[in-house]
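Note that the chains take the letters A, B and C in the order they are written out, and that residue 1 is the start of every chain.
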Amino acid sequence: MNFIDLIDYAGTFAFAISGIRLASAKRFDWFGAYVVGLVTAIGGGTLRDLLLDVTPFWMLQPSYLVVTGFALLFVILLGKQVIRLTNTFFIFDAIGLGLFVVVGIEKSLAAHFPFWVAIMMGMITGSAGGVTRDIFINEEPLIFRKDIYALACVVGGLVYLLCFKMGMMPVLMQILSAASVIVTRVLAVKYHISLPVLKGHDDQTPSKIL
Amino acid sequence: MNFIDLIDYAGTFAFAISGIRLASAKRFDWFGAYVVGLVTAIGGGTLRDLLLDVTPFWMLQPSYLVVTGFALLFVILLGKQVIRLTNTFFIFDAIGLGLFVVVGIEKSLAAHFPFWVAIMMGMITGSAGGVTRDIFINEEPLIFRKDIYALACVVGGLVYLLCFKMGMMPVLMQILSAASVIVTRVLAVKYHISLPVLKGHDDQTPSKIL
Amino acid sequence: MNFIDLIDYAGTFAFAISGIRLASAKRFDWFGAYVVGLVTAIGGGTLRDLLLDVTPFWMLQPSYLVVTGFALLFVILLGKQVIRLTNTFFIFDAIGLGLFVVVGIEKSLAAHFPFWVAIMMGMITGSAGGVTRDIFINEEPLIFRKDIYALACVVGGLVYLLCFKMGMMPVLMQILSAASVIVTRVLAVKYHISLPVLKGHDDQTPSKIL
């Protein structure tokens, strides 16, 4: 197991934990919590792989299912103490996000798509899992309203593109791109930086708009 | 840019506007509104292309992302005045729907699927984006309860089939099929024509039914 | 029409009925009810086929659309009397579930995926339709909280694997695997066997967790 794998598992673990904790707040059973955790962890990459028409990554090796299983066990065993680890998970989550974005970009470029598609795929890899999680627990997707999340993925994509145009060596591009995602994310949460709300020009109910 | 492209962009714009306005009513941030707009505009065609196993259309040229960006800008800049344009958007939306249905049908026939699949794909192209939009904003999909929307897509499909059986030339088939979608849609909204409600034979809560 | 087809149609019918009844409880119109019924019946197999990268099964022959049409007609005509048949539908649903799991497993093995993927696909075939149904009617997916549903699919997968390792003949494996799904499901409902709830270690609202 090399360093990238380690980050991948840590990110998967953190993503799964966020899904499992939200499922627990909704009183789902163990199985439901596992599914929500799994979908959070692999949902983004699965949508990306379907769009790129390649075999979904988690069907090639069982480690993602196993890591999600450990995440469930962890929440069951630690109980309330999980709450004290919220900040730790936030860091794992941000690091995982940085990695997922880079993986999404490189997989798209490898499939011969142009850069703008790769940046979209980086964003989808990083954020579609969280959106699916929120749909499963029947909440409005948080990333559409809070902090800067998907936009951090786009920043990472633009940094990757910039490094690429400068002819940087791959490993450096990967580190800088992932780091820019992590830094954007951490700063946004620390200083409560949000995008402007598209405020109620329409106070109409949905049924009146359509 | 030819005439078809122009209709395509107008339809995309109108679909995106409907998503962005609903996101605004839910107080999503700019990014969230953009995503909801984009999903409304491209969701149906994306599902169709995944089912047909071809590359999703919006990954082949960036114009759909750009048009959605203009739609967001438009809502931000126009503010409350957007409301006065509701009827205009309705017409754009209906015209876009007609085009999307025809595109869905022809892409399916080109992929050698039979007509009944093509009619389903025309309907999916036209209506799956709106369903995804409503799921993202955590509302029951409107098209399952209001006016005639997806059924207008089916009407367009049947008209296409009829014209095809009569050996009509392609461009005429396209126009008649799209026109039948638009007319059905406009009449349904103007005269409040709806399908019957499948009324509460079950007053039971979901948990009792299953 | 052979015996397997018959079970397939009965299962499709029962799955569609569950979607249509829930749509009726939400006062969807006929078309909306048809779509919810269809998605319940074919959603799981469609996701499976997209993941396996094969043509979605229902696009190869129109019988699934037709059976769902009969299910809608049935609910419209029978009205309140449908309620009295709840137990009958439960049995059909369980039998259909058993078959769907076996189909999902065998289709995955035929596509040269390993057994653990096949077991996941059996589960997805059996339960993803119900999850999509609940998302469409804007409810938290029931299978994440009630009785043992998706886990019954996993049991069926493990029984299949066991039989396979023992070198059993195909038809016997299929029957034993499907039977184990049905028995698990019936016992779980009859004796109210549920998985433990992952109880509120987090009393925090979703927005506090993330």
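Rule of thumb we're sticking to: contacts are C-beta pairs under 8 Å (C-beta built on N, C-alpha and C of every residue); 3 or more make two chains touch, one makes a residue touch a chain.
This structure is a prediction, so every number in the text was calculated from the model and none was measured.
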Shared numbers divided by all numbers used: is that above or below half for subunit A and subunit B, i.e. same or different?
different
Through what angle, between 0 and 180°, must subunit A be rotated so its C-alpha atoms fit those of subunit C, rounded to a multiple of 5?
120
Rounded Å distance between subunit A and subunit B, as computed from the means of their C-alpha atoms:
29
Multi-chain contacts only, two chains or more: what residues does subunit A have there?
50, 53, 135, 138-139
Partner subunit B, residues of subunit C touching it in the complex:
18, 20-33, 35-36, 46, 50, 53, 55-56, 59, 62, 65, 72, 75-76, 78-80, 82-83, 86, 134-139, 142, 146
Which residues of subunit A touch subunit B in the complex?
50-51, 53, 113, 116-117, 120, 131, 135, 138-141, 143-145, 148, 150-151, 194-207, 209-210
